[in-house]
């Protein structure tokens, strides 16, 4: 196990994901945060921009710089990109050339197919040659590849909340790959720190609304990962909703079992096969919590942690399997998962800085 | 049209539905609120218990009384029951015998079948003989029967948000009755003014959670109404979630069209047949708003009103029809809809006191 | 009493105050809303911009226009200005010249002294000649002058919450004019519909913060009105705080009585003299509610209404008089109060459209 | 410095303060949490009652027990009491007799004078003999006494937010001890996990209200500590308000300087003497953050931490000094401060488990 600290930089550290990532890295026992960049805040310290970090000595000393790939490559071995899609790729290319390991929190390297990227992101992929070497950074699924990766594409918040509950069932052939529905509820930080009227307090508070129906961009990476697991093209129904909490995603999934599942007991509607499948997949995973008995996920039990909660029940009336998950969209859905990948890449304990 | 005022009483006026009903009745131009009952508050004025009504002269004068059916029958021609199920029926029986017209906001008379009631409410129906004469108080669907009804069972909040968008499609044969999914998000007032830890501010704020999965009690009335419309037994998948707003229900419905629907235009994914169906059903309804263009429902646009908003889109990728609705659970989902029924029963303009 | 409807226009109808004003005017029984202006939304209907109004027939028909004083003067007898300070005066001048009666919701005409305006608003007053004829639109205090006014300066939200509780005590000589402290808590709509990062949901939710300490602009009009009542220059300590609610202002005032006040009873700490003073001032006022017994103001009891609640207690330990008020910042603190002034100017019942 | 782990128990671990304390102790590097008690939850594991802790191995193993002083004294060297006042003292007595060190989060040992306790808590003090040996657990003020204490009375949430900003100014003679006003805003967790209607989500959300005016119980300990610092009896004006956030207290303090203070510069209204006084008191304190420039406290910057933020400004118009503080009521205002005292008592680094 590696134990000397690693020098780390964050490019685009001023949004909500970037801020949370910086918080995690400041407290990570094996990380030295050597650079944070922000065009908007260049010259100011972390403490000035994020008063909540101001009691941390590093936050008082470290100043935002203008992003400069060559310079960053001298300051850091691992560089996180917390940038908008399209922009992230512009930095990934030179950083990789200079030998950095790159963990990208944008959508730029999550897809293998540049055409799908163009369809969903409405512009040509800025660095299609890198797609083949990028690893989709879902540690519970792609741990081995992450270990040796030079470029990790950290998954989106919605995809994480959908893929972790779905992939084991799909791989085990317990559910049909056709007709899956994912209904998701997200806190407002998911929209980023954009000064747009739609995300003003008075527009979000006391409001609940669907959006991006029926073709949210995250569908592309979810479907690609589901298709890989199913061995066939999967088309998903996905409806995101905006709800008035700062953080948290709650996803409710509707599946059709491929065969009659045994029912463990009537009260909890748990099924032996589903229990076995999830336990096999996640019993030893530090960041997946399988709920027991009649407990259902609640975002307040995962917010502030890197944990994703899963519960499920068979509905004997409809024959469907309902699976529900909860996560913190900025941690397991963004910065925390990225740090988890870094831990794997650097040989640190996977929970370092995340417990 | 009737224009002399009607004497009205509310039994169980201390919960959230009762309070909202009282507010509507206090401001109703053709209503004289003559009695409100509450065991807990008997002897105190409306103004003392609900300070927000204190500027209304009637609220300063009217005192809560102990509920007494005989006395109430002398004080009121129309009596609203805002009581828990089971208790409501106990009052309905004597009030009807004394000649009152009764509008019940509980679940006691929403089902035709006492066995289904026993299955979902876990006790025998307290007055099964009345089930045959009760009218399900969804004015947009059962207006004619409400007009002559002596006993109206005002629908639940979730059922209203699901039935209004679904029934026209089902009756027109545009969607399959099998495999319907309703995913609903409700504000906390839906749980009532119960002093339970689960509904404390700190337990609900910054929290999102499913509950009563997979068999919420409201399924019984929803399925009965859907089955009537479909002419065949309909089994529904229904998942309610609790979200941190005071009021509002947002429901997302997943339907399978029975045939290929034309697509009006690519951008809005509206379909000619769906547009026509909804317009036929609701174009002249004062309390159903069909959204146009790309607009999607938002609870903040209906809270405080008796309006239910509907929008829909065809998903060409999955072939499904997605319909979304928003309402105020305490108005269109409870007190407002009950007043709408009263207006119909009394020959008042249907929008009286509700605009 | 006048009863034919009055033609009314709103300039700058797209902010929160403008929107609330439009809502009140749409439902006002003696108002015909003939024009709404917004540079940003010109050409679109009220229903398109504010979906919550979409069920109102007028909202479907009325389109935002570019603001044009000459044209507006032909369309309306009364014109409301819901514009930023500085801009409002530019419209007031030609509208008055064309014979309109103007009710300005900005700060432009609230002060008598153009120098004080320059000090607090940091630019020269755009129309100092109009200051002498403008009437400060606090109906409970300046009703007689409002009646004949051609230009009403509708008070700010904080000033209303401070002046109504303070002025009667000051005029009666019950409190010292020196050393008054006003500590106010405001909902986020007070900041307007500005797309600034400070007012994003995630920046306001789960946050409480003072701002504009120690010299908020509203001090200028508060101090001018207090000084007029005291007959001497009053300097106020005023601290506004932003709290995560959409609407509502709660103000806590600290006064020093000029003499020993009798204490009505120990439990409620009400004083005979204070009770008498407030009753004399407000007992017949429809929009001021004096709380009795031990009740304290709560914004949730006034939000959505034009009512300001007042409660008070003598603190025998410190000798101070504590007075607390609550109002809806967008109604009694803005649009509602402006409509109240219009009702007075037009000879309508003062509560028309506001009950 | 002590470095072997200490065995710790928490009595009354089911309220919000107890839960937060448990969270801190579970993650404390030098603590072994050996017992948690709760009559209500006896027999269940921490993980079952608090799902958010369920990923922590200790939480899966540790079960709530019935509180038994003798048994606890064998399980723990340090015992935290997170019990209601009155009840806490009943456990403190036998625990101390059995040799435990006790940190009490209730009000039972915060006052030196049993008569004042009786006045404010309306019952006789249950263990007046212990008052003399109890140390008021405000580490920044009483660190030396805490070190050797056997019984620490951890301060209330409001007192902490008022005392830390006030004591240095009072001791330095910079402000008058007469006429101080503290206006405080608290999140709802301050009311505890009581299933009372007043604290239901719908009663607190979209609501702001003062309460316990003018004589909140916390006045007793605040005044005692202020009087000790001033060397004379101090009577405080204190108005608490309930605001719709889970956590956080924001206090605004109004002081009268004893003499003319220099003004560092016009823009920030900082004063040399105040800056010097606060720096002397807190420059090296890890958990007090003095804001610089024009920054003002915001609860969102301290929630989740043990930090109290302080900012101040001189108002040249009134001559007053305004000081504002922000803290997390459950951490610096309760569990975190108690752990800070434990660290001092046990010779651990004061920031252990709190950074």
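Per-chain residue numbering starts at 1, and chain names A, B, C and D are given in the order in which the chains are listed.
Just so it is clear, a contact is a pair of C-beta atoms (placed from the backbone, for glycine too) under 8 Å apart; a residue touches a chain by one contact, two chains touch by 3 or more.
Every value quoted in this text rests on a predicted model; they were computed, and no experiment measured them.
By number of C-beta pairs in contact, C-D leads when C-D and A-D are compared. Farthest from chain D, judged by the mean position of CA atoms in each chain, is B.
Taking each chain's centre as the average of its CA atoms, chain B and chain D sit 46 Å apart. Averaging C-alpha coordinates per chain places the centre of chain C 39 Å away from that of chain D. In this assembly, the C-alpha centroid of chain A lies 36 Å from the C-alpha centroid of chain D.
Residues of chain D in contact with at least two other chains: 203, 205-206, 244-246, 298, 300.
Interface of chain B with chain C (complex): residues 27, 51-52, 54-55, 206, 286-287, 289, 291, 295, 298, 300-302, 304-305, 307, 309, 355.
Those residues of chain C that touch chain A in the complex are listed here as 16, 188-189, 193-197, 199-206, 244-246.
Across the complex, chain D is touched by residues 181, 183, 185, 203, 205-211, 213-215, 235-237, 239, 241, 243-248, 250, 252, 254, 269, 296-300, 303, 313, 315, 317-318, 320, 322, 324, 326 of chain C.
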